[in-house]
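Common to both upcoming complexes is chain A, partnered first by chain B, then by chain C.
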Partner chain A sequence: MSTLIMIDQPPYGAWTGREALDMAFSLAAFDQPASLLFTGAGVNWLRQAQEAGGIGQKSVEKNLSAAPIFGIEAIMADRSACSTYGLDENSLIEGVTLVDADAALLTNYDHTAFAG
Partner chain B sequence: MTAIKTLHILNKSPDNPRAAKCLEMVSEEDGLLLIGGGVLFLATGNLPGAAKVFALSPDVDARGLGKLKWSSASAVDFAEMVQLSLQAQRVVSW
Partner chain C sequence: MSETTSETFTLVITGAPYSSQAPQTALGFAQAAVEAGHRIDRVFLYGDGVHLASALCAPPSDETNWSEAWSQFLADHSVPGVACIASALRRGLANETEQKRYELPGANLRAPFEIAGLGEWVEGRIKSTRTLYFHAGD
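Now for the complex of A and B:
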């Protein structure tokens, strides 16, 4: 049973995005194939050089870069959302695949859920 | 700094419908202070041209936008943010 978790909420505003990451990691830990798709303002999780100390938070970059080791199959970002927020290959963190977040993509997964 | 009539404080990210409503209401002599998710407008770039726009730098750095050229907004820290809200005659928190 393959799961796609979609994150459309911006980073550091609320906890939903982080909870979704934890959910994906737990699925992967139990050998359930899980992938992440960032869309809308959610793509802002994937920008390089996030320094969240000033707002008393840890940057999510480390958790995301560890995702493959945890067994997350893919980290995807919606192409049009990335262009809206000025994200391209040299500002995105490594290991992100650009995709079109459309119905066709979702057919690859048995279960798709949103964060929050 | 010329007194700001109304300071609009926006912490909603660009895809939140309330953000668009805020930008509609910002007039020339108003100030617009971007905090939280509101700083993502520096990435999308569609900010009101005329109004005085400020962005809270800890929020900007957290989202990795620190390196952006600051043409569209001026950086403020927490203390300056407080100053801005004290100077303004009115504050609208979106």
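Now for the complex of A and C:
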């Protein structure tokens, strides 16, 4: 029973992305297989060297780096969204797999969820 | 007559009342599901959805009070309603335990809603035959 948590919101304009990450970590903490897929503006979560201090927030990079420790199976980013936001292998944080976020990908999971 | 399989549902509401239709749509679904012989295992409020559990919602008298309507449904059908603790505390929703813990000036959780962790969602997702999400849709 594998779950795909999708994050389609940018990291600092809304709290839903952080709450989606908590959902994924919570699944993993209860030994439920979980993966993360970043799509749309959500791929900005995966940008290297974010400096969120300027807006009084903490960088989400640190939250994300905990994913392997919690046992999140995969961190995926939609290839076309990355292209839209000017992100490539050199500007993405480590451990991200580029995928095509299409119907075929979703068949690998029996449950998908957004935080909002 | 066609045979229908009885389902058990976990409903997750992430949209707040009055800023989204999520609680209303979810209640309509829940009532229809129960009438059709299905069971609602639990309702989990997440993100902005926790505002549904506020005892302080007081809309004009000619509008539906969705917090009250949901409380009534939960009580009538003995369905547990759980607000995520992290979402709730961020948004100013507390029961008496959390009021004491954080030394807050009041508690505003409407019975029979309870406050608990995301583990309630994980458990519902495992135990129910279906988990449905009601988002704000923005």
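Following the convention adopted for this analysis, the second predicted complex is superposed on the first by the 116 of 116 C-alpha atoms of A that agree within 3 Å, B and C clash if a C-alpha of one lies under 4 Å from a C-alpha of the other, contacts with A are read in each partner's own complex, and residues count from 1 in each chain.
Operating definition for what follows: a residue touches a chain if its C-beta (ideal position, glycine included) is under 8 Å from a C-beta of that chain, and two chains touch if they have at least 3 such contacts.
Bear in mind that the values here come from a model prediction, so they are computed numbers and not experimental data.
**Q** Consider chain A as the common anchor and indicate whether chain B and chain C clash or fit when overlaid.
**A** Chain B/chain C on chain A - fit side by side.
**Q** Using the superposition on chain A described above, determine whether A:Met1 touches chain B (first), chain C (second), both, or neither.
**A** second
**Q** Going by the contact rule set out at the top, does A:Gly17 touch chain B (first), chain C (second), both, or neither?
**A** After superposition on chain A, A:Gly17 lies in contact with neither partner.
**Q** Using the superposition on chain A described above, determine whether A:Ala52 touches chain B (first), chain C (second), both, or neither.
**A** Only chain B is touched by A:Ala52; chain C is not.
**Q** Going by the contact rule stated at the top, is it chain B or chain C that touches a larger number of residues on chain A?
**A** B
**Q** Between chain B and chain C, whom does A:Ala41 touch in the aligned arrangement: first, second, both, or neither?
**A** Touch status of A:Ala41: first partner only.
**Q** Quick check on the superposed model: minimum Cα to Cα separation from chain B to chain C, whole Å please.
**A** 9
**Q** What residues on chain C touch chain A, complex-wise?
**A** 12, 14-15, 46-48, 86-87, 90, 117-119, 121-123, 125-126, 131, 133, 135-136
**Q** Okay, in this complex, where on chain A does chain C touch?
**A** Residues in contact with chain C: 1, 3, 15-16, 19, 22-23, 26-27, 29-30, 32, 111, 113-116.
**Q** Which residues of chain A touch chain B in their complex?
**A** It comes out as residues 8, 10-13, 40-41, 44, 47-52, 54-55, 57, 59, 84-87, 91.
**Q** Contact residues on chain B for chain A in the complex?
**A** Per the touch definition, chain B meets chain A at residues 11, 13-16, 36-37, 40, 43-45, 57-59, 61-67.
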